[in-house]
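Letters A, B, C and D name the chains as they come in the text, with residue numbers starting at 1 for each one.
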Amino acid sequence: MSKLSPLSAVVARYVSDGASVVMGSALECLIPFAAGHEMIRQGKRDLTLIGPISDILFDQLIGAGCVRRVIAAWVGNVAFGLGRNFRRAVEEGSPHPLEVEDHSNFSIALALEAGALGVPYLPTRTLLGSGILSRNTSIKVAPCPFTGQPLVLVPALTPDVAILIVQRSDENGNAHCWGPTGVSAAAARASRHTILLAEEIVDADVIRSDPNRVVVPGFRVNAVVHAPRAGHPSPVQGCYNRDHESYAEYARRTRASQDFLGWLHEWVLDVKDHDGYLTKLGRDRLEALRVKRSRLAAPVEYGS
Amino acid sequence: MSKLSPLSAVVARYVSDGASVVMGSALECLIPFAAGHEMIRQGKRDLTLIGPISDILFDQLIGAGCVRRVIAAWVGNVAFGLGRNFRRAVEEGSPHPLEVEDHSNFSIALALEAGALGVPYLPTRTLLGSGILSRNTSIKVAPCPFTGQPLVLVPALTPDVAILIVQRSDENGNAHCWGPTGVSAAAARASRHTILLAEEIVDADVIRSDPNRVVVPGFRVNAVVHAPRAGHPSPVQGCYNRDHESYAEYARRTRASQDFLGWLHEWVLDVKDHDGYLTKLGRDRLEALRVKRSRLAAPVEYGS
Amino acid sequence: MEYTPQELMVVVAAREIRDGEVVFVGMRLPLLAFLLAKATHAPQAVGLFENGVIRDTPAAEFLATMSDGPNVTGAAWCGEMMEVMALLQSGRVDLGFIGGAQIDRFGNLNTSVTNDNGKITRLPGSGGACDIASLARRHIIIMNHERRRLVPRVDYVTSPGYGEGGDWRQTVGLRGGGPVAVITTLGLFRFDPTTKEMVLTSVHPGVMAEKVKAETGWPVRLAPTLSTTEAPTEAELQRIRSYDPQGFWTRSRQ
Amino acid sequence: MEYTPQELMVVVAAREIRDGEVVFVGMRLPLLAFLLAKATHAPQAVGLFENGVIRDTPAAEFLATMSDGPNVTGAAWCGEMMEVMALLQSGRVDLGFIGGAQIDRFGNLNTSVTNDNGKITRLPGSGGACDIASLARRHIIIMNHERRRLVPRVDYVTSPGYGEGGDWRQTVGLRGGGPVAVITTLGLFRFDPTTKEMVLTSVHPGVMAEKVKAETGWPVRLAPTLSTTEAPTEAELQRIRSYDPQGFWTRSRQ
């Protein structure tokens, strides 16, 4: 049975108000902006956003009033610094007060890995002596039963849904993903539901031709959306490059909350859907992001 | 600086008497038989062999008197059952008494993963109530600080050397490996030294064309041996299939220790090196193991 | 049509697999059972192998081991053991199969060491069997039925069943799970929901309950209505023989 | 030849990288420093990025982030963050670079929250900075030198330096490591081997020690022999400008 479904239907079904959602699990690439924008259009509320860093997507959802809580290591605009909506939410409670659970990249990776492994926690030596440890009350410190040395115990995170971008998927959720994956595999395996936004839908045989490249077993995937350019303005290796100017524009247009509302209407609320967003971007701009120099992976023989 | 070196020199340098060695980390495939046979020819002693299962290689080294201790989940002949030398060593102390530290596949995977992660242990819910837990005194049980439920704490293993077979490597140890990898990545990352036996030596650009397929970062690899068919009789995906008859012959010729000594001389001690072993096997037999139906991985675009 | 006890065990095992289930397959008879179930009543079943292979389609050739080339070619997923074990530990594996050298009345399995009044016999060990027995939602045991193998108490618990019976699994911290059936060369056992003791529920065609009693090392409990195991159909046997043409697992041995 | 404070900081940072070292690179100035070091005195240095990229050759184009396509094309290794963090935690990363909004005299960094007499300012957070500060064999801090940034005590320890000084790191369980240098827009600091307090060891060309004192929120300790930082060579500057042609990191901002 095919798991293909339109983005609006998938967001409506799997992202309910109050849901915990992992996005941006590959850090600055493969960020599912199209899914985040659909959440804003559907007026989702009280979401818990989970991710290592978040390159402006979390800031957008916070500014749009969709978010109650953020569990992350970093929230902002990677190339341009602060996340202005994140600041306003924490400093002024605007548009809503925001709960923030601080992590480091490693500790949130361990939390998701623990969820994926089905254990209550994983031990680590990061965070010792840090403010993250003293402020994040979910994390414990205990002496190691083997060495007696202090160890940080990071409790498992099991989000409601993980949303990943993949370069290609079959209709059953068997998908290939390449480039840096950050914590994507752990995020998908730790979550109750996994949604894939695929740049391309391919025959199952294409995926089965290279099983080592499959990011998460298909039976763990709940829905597949055919959504080319769903990552814009973030890059998707081999499909399109980063749209640096979009991040610069976002930085300019979020300094004041009024400016942000203008940006939000122009790029999210006033476009009907992801196709509308791409139409607004225009062919020339999308063309400019195309892969310029092809570099194909060396052939691999799986025959027997 | 190239890390290429002949097998005999690598075994002499990195596998000293008393060393702990991980082999067979990919289970029934990619087993570095050529390296094990070279250890036997060099008369290594008091080795600690570490691996999840071991499809006859550990049994061979035990029978040859090279082994003092085995840390494994399973030792025998996967398709034909018991490991006769393993039995004789444990039951009769012949040719030497053997210490056995029992694990399950999951617990030894966790032990190596802990070593790779640089933590003293990893928690799990496997082994609870088992004889493995009561006999393996290195493993602890403690209540979970979060749930109060009993958890098994598997201490880290950090072997002296991991020996892996890869389909192709550059001379600096950047290598591609595909097919099931079992615990290979963890074994290599947990070990002080990593040795690769490569079916093929390729230009660095071939490896860099597909960085997601690199099994362990090149800077963690100490030596690369160009050793085609080093896995025989185990299979190496895309290079050659399993030589089922070799395992059958081994099963027949190890029932009695005298028979084993005959086998050991014929296939190990009386052949000069791996090339001699391949010559003895003969072209027809090697030909018969060739890949019959090619199945190439679908192309992957890494360009930007 | 003639069939071997192994062929019958494969058929009985296949009937235990439900469509859409995630099954920790292993090798030998369980692999044949998985292939048979997929080809008949469970086409959506997914097969996991502990080396790091996941298949939703059958391999093209006979497999001597789960790592043979044909089991990788065209696999649905391929990677590290840790990820397959993670699925097991996080409760995402419905069913696992294991075999044993020695079993006791509470379904505890020994594949490590037997001690026959002082005579030690070293067996290969757990492999992934202990992990399946500890962490799968349910598991099934397949083994030869001989008095020396079905003993009152195993010498070593390699793969925990119900320990000393009752709520032992909960007591030691195992979350649910446990064996739901023991398929032997003579019959099929289930477990008493309360005491967790093995109960003979059916005998294979041509096998007398007396024979089962004689070959079992403890006083066997019989189900109130002891049935006879349904024999394999010709179609089932033809499929099994296409998967194991030389009868490597189903005729020449075991 | 004219140069910016950022260009000088890149040169000073590059000089801290030894050949063959494994360096946790990060972005911005540290990335430029890594590229400069590799092109000059440290050709065998290996660069790690927390997204899961390892490079032993420079990327072909300017990078706005570590996940930009050109940083992946031709990488030596590419995978999961967990594996890069594992290298860090297992002591296999020699050097890491981090930047900060606020630092105190023991090299503790704050990039999370500042509290200016009740006025809360929320900063982006740790990212991987806390992990580098906790687990790298040594790390180096790069930041703008302003009195409001160099404070007696940080409001939030995002990335631990030497805590309260002395053997604080050992006390809290951190194995060795810690900052070895702080490179600011005005000078270079090292740490007292015993007290672990920041010590000004060199001022950048044209900078007076008085200026450093005025821009530092605690009584700065000066090294007995205060030197002047060696200026960038024309060759170094040309390389830096080829890595950052628009001066995105080294001229237009920071």
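Heads up, the rule we're going with is that contacts are C-beta pairs under 8 Å (C-beta built on N, C-alpha and C of every residue); 3 or more make two chains touch, one makes a residue touch a chain.
Quantities reported herein were computed from a predicted structural model and do not represent experimental measurements.
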Of A-D and A-C, pair with higher C-beta contact tally: A-D
Between subunit C and subunit A, distance of the C-alpha-averaged centres to the nearest whole Å: 41
Inter-centroid spacing, subunit D versus subunit C (mean Cα positions, whole Å): 57
Gap in Å, rounded to a whole number, between the CA centres of subunit B and subunit A: 37
Separation of mean Cα positions, subunit D and subunit A [Å, integer]: 27
Subunit D, residues touching no fewer than two other chains: 53, 68-69, 72-74, 78-79, 82, 89
In subunit A, residues with contacts to at least two other chains: 117-119, 124-125, 149, 151, 178-179, 181, 185, 207, 209, 212, 235, 237-238, 241, 291, 293, 295, 302-304
Overall pattern in which the protein chains touch one another (line/ring/star/complete/other): other
Pairs of chains, among all present, that meet the touch criterion: A-B, A-C, A-D, B-C, B-D
Contact set on subunit A toward subunit C in their complex: 115-119, 174, 185, 189, 205, 207-209, 211-212, 214, 217-220, 302-304
Residue ranges of subunit B in contact with subunit A within the complex: 117-125, 140, 142, 144-147, 149, 151, 153, 155, 167, 176, 178-179, 181, 202, 206-207, 209-210, 212-213, 235, 237-239, 241, 291-304
Interfacial residue positions of subunit B with respect to subunit C in the complex: 26-29, 52-53, 55, 72-76, 78-79, 81-83, 86-87, 90-91, 100, 102-107, 109-110, 113, 124-132, 135, 149-151, 178-186, 234-235, 237-238, 241-242, 244, 247, 291, 293, 295
In the complex, subunit C residues that touch subunit A: 22, 46, 53-54, 56-57, 61, 68-70, 72-79, 82-83, 86-87, 89-92
Parts of subunit D lying in touch with subunit A, wherever the complex brings them together: 27, 49-53, 60, 64-69, 72-74, 78-82, 85, 88-89, 110, 112, 120-131, 134-135, 156-160, 163, 168-169, 172-175
